[in-house]
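One chain, chain A, links the two complexes that follow: it is found with chain B in the first and with chain C in the second.
Now for the complex of A and B:
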C-alpha cells in the first residue's frame, strides 16, 4: 500500500498542511506551516522596550493576551521591575480568564463539531443545539470578563510595562465576579457533557513534556520551567535544554528537549499539576489514566475552563475589598529577561535583551505550537500506523488526522516566526 | 427589502488572525445574521466552511501581502469577488508585516538563518497596493459590530464603495431640518463635515454628527430647527457646504414678483456685498449698480447698517448683525447690559436689502444675499455695462470705534470686557472670519487667487472714490 495525503487543515488558526505518506508499512508525516513569515523578532529588535509588548501581542489574534503578558514579563524582568503583589495576582487572573475563553473557542468552534459528525459549527447547531447555545453563552461571558480585565479582547490595553494603567475599583471587580459566576454555572454543565465524549484511542508517541512552573496552585506565574523528568531550570537557561532543529519544509521550527520529542499544552499542565485542581478531583481521577492519549487534550481543556473561572473568581473576591496597588516604578537599565507563561496552547517563552538606552537588542520568542510540531508529527505517524493495521480507508485517515491535529489546537500565526538562537 | 442569497468568503494572508477571531467571537450573532439575511459563508476555514467557489458576492481579506504567493492568491480572490473588503490594519496599511520593511533581508537571515522555507518573502504591503478594494474595516483588530453592520447593509443593498458619494442608503438615519432661515436637506449631504468645522471654529457648536460608522449623518442636537439651538444664523455652514445641503431661505422669488409689479422697488446694497460681488465677477462695482437698475430697481442706495445706530452707554458692544447679538446673549450673558440692539433696519416700503449677512434675513422677506443677487445677475453680461454711480451713499454714523473681526478677536475682546480690562468706548463685533467680506451670504469667486488680490485692490479704491464723491450723511 502506498499513499500520499496532503490535508489542508481547517478549523485551526492559520494556514497548515499535514502531509502523511505511507510507503510499504513505513509511515511518515510532516507538519507544514504555510503561514507567511513576518519576522516578528527582527522587527522587535532595535525598538524601544515598551513597543515590544505591543508588537508581540499582534503575533497572534487568538492568544494575543498570552503573548502580551509573556512579553511584558520579559521586559519587566530585564528592567528589574518589582511588581506589587496585587498587580501580579491580577495579571495571573487576566491570563487565566483568557485561557478559559480560548479553550471555549477551541472546544466549541474548532474541535467539538468533529465528535458530533458535523463539518462546521452551523451543522453542529442542527445536531446538538443546546450544547452550541451553552458554548456561545460561555464564550460570550468569558469574552466579557476578558474585555473588562484587558480592555479589549484582542490586543489588550489596560497594562503597560510596570503594571496596570487602569484603576480597578470595587464595582468593576464585582462586575467581573458576577460575569464569572454566571460562566461557572454553564462551565459545570459543559464539562459534564465533554467528559462523556468518546475519543479515539491513541498512545502517546513521547511522554516527555515541558511546563511552566506554577509556584502555587495551578497556572500561577513563575519564572522556571519544569520537565517531565523532574528537572527544574530557570527560564533564562532554556537554550541549554531546548534544542532547535531547522526544517526545510515548514515556516515553523522543530524543537527537542534533551534530544527527545516533547509536548506542551493543557495535557502537560494536567500531568504536572493535576493534583492541585482542588474541587475537581472527580474529573481529574477519571482523566489521569487517559492522559497518555493526545486526543484527551480536549477534555483537559474543558476542565481547565471550569477551574480557571472558579479560581479567577476566588482571586478577585480576595482583591475586591483592598485598595489595589497596581503599578511599579520603571527605570530604564541594561538587562536580560525572560517571560515564562502558560499560554492557552502551552508553554510560551519570550526572551529579550535591553541595552542601557532602553532599546531591545535581542528578541526571541518560542511558541507552544512550534514546540509541539514534532510531537504532532510523531502522533500522526502513530495514528497512521494504527489505521494501517486496522485497514481503514483514506477518508478515515484524513478525518482522524485532522481531528488529531485539532486536539493539539495548533495556532499557526504563533508558530511561524521562530528564531535561530545565536 | 428583497433578500438575496449572498455568498461570502473570508480569506487570510499574512497576519495574526485577530480580525477573524473577532468575527468568530460574534458567535450566536453571526449565525443569526446568516439565517436572517440568507447569507452563506462558503469559505472560512476557521469555522469549518471549506467549499471554495468560483464567484463570491463578498470576500473579506485579512492580513497583508508578505510573499509572492500571496500576490497571486490575492489577484485570484479579486477576480472571484464582486465586493472585496479589507479587514483591519494589516490589509489596509501593512500593519505588523509592514514593519518588515525596516529589517529587510537581514531579518530573514536573523530569524530563519537563511531563506524563509515556505513562500518568497516580499516586504509586508497593504493589499490595496495590488488590487482595488471596495471597502475597508479599520482597526487592530476590527470592531466586530461594525463587521456585522456592514454585512447587514450589503445584504440590504444599502451600502457604498469606499470613496463613493452615495448616501441615499442611509436615508433612514438622515434627518431633514427645517428652520425659518437655515435648513438642512440631508439627502444632498455628503457628510464632508465642513459645516461642522466652521461652526466649531466660531465656537457655536450648533451642528454635529449623529450615529457612527456607515450610519453617520449630520444634524443639530435632537434634530431641532436651527433657531432652537445655539445657532446664531451666521449662515457660514451654508457658505461652506459644497453641495448645497445646508442652505438658507431664498427670497429671489419674492423680489422678482416685486420687480415685475408697477411700482419699482429700491435696492439697498451694503458696501461689503457690492465689493465682494465686484470681486467675484471681476468687474467694476459701478457696472453692478447699472446692472441693478437694468434688473428693474428704481434707485440703488449703497448703505451701511451702522448709519442708524443709537449709542447709549459708556461702553457699547455693537453687534454687526443679529448673529453677533445672539452670540453675546448666549455665550456672554453677563455682558448683556453693554449690548446695543443690532442695527435696526428701517428700510422704506418696497425696498430690497442686498446683504452679505444671512442673519439679516430675519428682518423681512425681501432680503437678498450677495449670492442670490449673483444668481439673478447671472443672465446679464456685466462686462458690457457702463459703470454708474449710486443714487445715494449712506455712511456709518459712528466714529472712533474698535473693530473685533473674526471669532478669535471677538472672543478675545469679550473676555477682556468680562474681566474689566475695557471700561469705555464702542466695540463693533464681526463674528464671521475676516468680517463681513467673508460673510455667510457672500458669493464664490470665479477668479484665481492672484487675480482676486489685484481685483480687491482696485475695487477698494473704486468704492472709496464712490464713497467720497457721493457721500450723503443723513
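Now for the complex of A and C:
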C-alpha cells in the first residue's frame, strides 16, 4: 500500500498543509506552513524600544496581548526596570484572562465541532445549540474582561514600558470582577461537558516538553524556562538549549531541545504545574492518566479556562481595596533582555538587544507553534501508523489528522519568520 | 397651510415657515452649524443646503416654503457640495483643538468631517486630556496633533501616546500649529519622524509633513538649530 495525502487544514489560524505519505508500511509526515513570512523582527530592528511592543502586538490578532506582554517584559529586562509588585500581578491577570478568551475561541469555534460530527460552528448549532450559546456567552464575557483590563481587545493601550499608564479605579476592578463571576458560572458547565468527551487514543511520540517557569502558583510570570528533565535555565541562555534550524519545505523554523523533539502548550503546563491547580483536584486527577495523549490538549484547555477565570477574580479581589502602585521609572541604557511568557499556545520568547540611545539592535521572536512543528509531525506519523494497522480508510486518516492538528491549536501568522542571511 | 414634498413625502407647514421646519416635521434631518432657532438665521455656514426640483441648491434654514415645493435633502450632489463647504470651513478654522472647550466628543464640526469623509481635524480634537494633562507637556512624543481624527482617541484616553494609525493630516495650517506645539514642549524631531514612519512609511506626503514641521521649528528657534 502506498499513498500520499495532502490535507489543507481548515479551522486553524492561518494557512497550513499536512502531508502524510505511506509507503511499504513506512509513514512519513510533513508540517508545511504555507503562510507568507511576516518580517516582524526586521521591522522592530532599528526602532526605539517603546515602539517594539506596539509592533510585536500586531504579530497576531488572536494572541496580540501575549506578544505585547512578552515584548514589554523583554524591553523592561533589557533596560533593568524594576516593576512594583501590583503591576506584576495585574500583568499576570491580563495574561490569564486573555488565555481564557483564546482557549474559549479555540474550543468552541475550531475544535469542538469535530467531536459532535459537525463540520463547523454553524452545523454544531443544529446538533447542540446550548453548547454554542454558552460558547458565545463565555467568549464575549472574557472579551469584556480583556477590554476592561487592556483598554482594547487587541493591541493593548493601558500599558507602556515601565508599567500601567493610568490608575485602576476601584469601580473598574469591581466591574471586571462582576464580569468574571458570570464567566466562572458558564465555565464550570462547559468543563463538565468537555471532560465527558471521547477523544481518540494516541501515544505521545516524544514526552519532552518545555514550559515557562511559574514561581508561584500556575501561570505566574518568571524569567526562567523549565524542561521535562528537570533542567532550569535563564531565558537569556535559551540558545544554548534550544537549537533552531530552517526547513526547506515550510515557512516556519523547526526547533529541538537538546536534540530532542519537544512540545509546549496547555498539556506541558499541566504536566509541569498541574498539582498547583487549587480547587480543581477532581478534574486534574481524572486527567493525569490521560496526559500522554496529544488530543487531550483540549480537555486541559477547558480546565485552564475555569482556573484562569477563578484565579484572576481572586487576585483582583485582593487588589481591590489597596492603593495600587503601577508604574516604575524607565531610564534608557544599553542592555539585553528576554521576555518569557506562557501564551495561550505555549512558551513564547521575545529577545531584544538595546543600544545606549534606546534603539533595538537585535530582535528575535520564538513562538510556540514553531516549537511544536516537529512534535506535530511526529504525532501525525504515530497516528498514520496506528490507522494503517487498524486498516482505516483514507477519509478517516484525513479526518483524524486534521483533528490532531486542531488539538495542538497552531497559530500560523505567529509561526512564520524571516530567515536573515548576512 | 402650505403643502411641500420632502424627499417625495408630503408634509403641511404653516405660512412663513422655512424649509428646515418642513424637513424636521417630515422626519428627516440636515446638518446645521450656524443656525440657532429664533436667534440666528443668516445661512452663513451653508451646511444645510438642499436641492430643489429645478436643480437649485438653497440653504434650508433661510429659504421660505411655497405651495407644492419639492425638496431633496440627501442627493449625491448635495453631499458633494456639503463636502466642499466643510473643506472651506475647515480651511478657515483655527486649529486650536488642544484648548477648545468642545473637545472630547462634543465637536459637531468633527462629527460632520467624519461623516462626510473630510480630512482636517487632528486626534487632539477628540482627546479628553486637558492642556495640563496633555502627553506632550510630559515630554512624551504623541502624533495626536498631526493624525486624522475619527477613532475617538482610545489610546490617549488611556494615557498612551497616539501612534498615527489613522493616517496623517496634510493641511499646512494644521501642521504648522502642531509644529509650534512640538517646539513648545521640546519634542525631539528625529524621534517624532521615527514614530511617523511606523504607519506612514509609504505615504507620499511623509517627507512634506516632516519638512513643514522642520521649517517651523527652524524659523522659531533663535539659534536656527534643531534639538
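In the analysis below, the second predicted complex is superposed on the first by the 417 of 422 C-alpha atoms of A that agree within 3 Å, B and C clash if a C-alpha of one lies under 4 Å from a C-alpha of the other, contacts with A are read in each partner's own complex, and residues count from 1 in each chain.
Convention: a residue touches a chain if its C-beta (ideal position, glycine included) is under 8 Å from a C-beta of that chain, and two chains touch if they have at least 3 such contacts.
What you see is a predicted model; the values in this text were computed from it and never measured.
Partners chain B and chain C, brought together by superposition on chain A, clash. Within the superposed three-chain model, A:71 lies out of touch with both chain B and chain C [touch as defined at top]. Within the superposed three-chain model, A:157 lies in touch with chain C and out of touch with chain B [touch as defined at top].
By the document's definition of touching, neither partner reaches A:372: not chain B, not chain C.
In the superposed model, B is the one of chain B and chain C that contacts more residues of chain A. Using the contact criterion defined above for the overlaid structures, shared-chain residue A:95 touches neither chain B nor chain C, since it reaches no partner.
Contacts of A:103 after superposition: neither chain B nor chain C is touched. In the superposition on chain A, A:166 makes contact with chain C only, while chain B stays out of contact range.
In the superposition on chain A, A:208 makes contact with neither chain B nor chain C. When the two complexes are overlaid on their common chain A, residue A:55 makes contact with chain B and with chain C alike. When both complexes are aligned on chain A by C-alpha atoms, chain A residues 55 touch chain B in the first and chain C in the second.
Residues of chain A that touch chain C in their complex: 47-48, 51, 54-55, 151-152, 157-160, 165-166. In the complex of the two chains, the chain C residues touching chain A come out as 154-155, 157-160, 163, 191, 194-195, 198. Interface residues of chain B facing chain A in the complex, by the touch rule stated above, are 12-22, 24-25, 27-28, 31, 34, 45-50, 63, 66-67, 70, 95-97, 99-100, 102-103, 106-108, 110-113, 116-119, 121, 124, 140-141.
Against chain B, in their complex, chain A makes its touches with residues 8-15, 32-43, 45-46, 55, 58-62, 64, 105, 109-110, 113, 119-123, 125, 133, 135-136, 139-140, 143, 153-155, 246-251, 413, 417-420.
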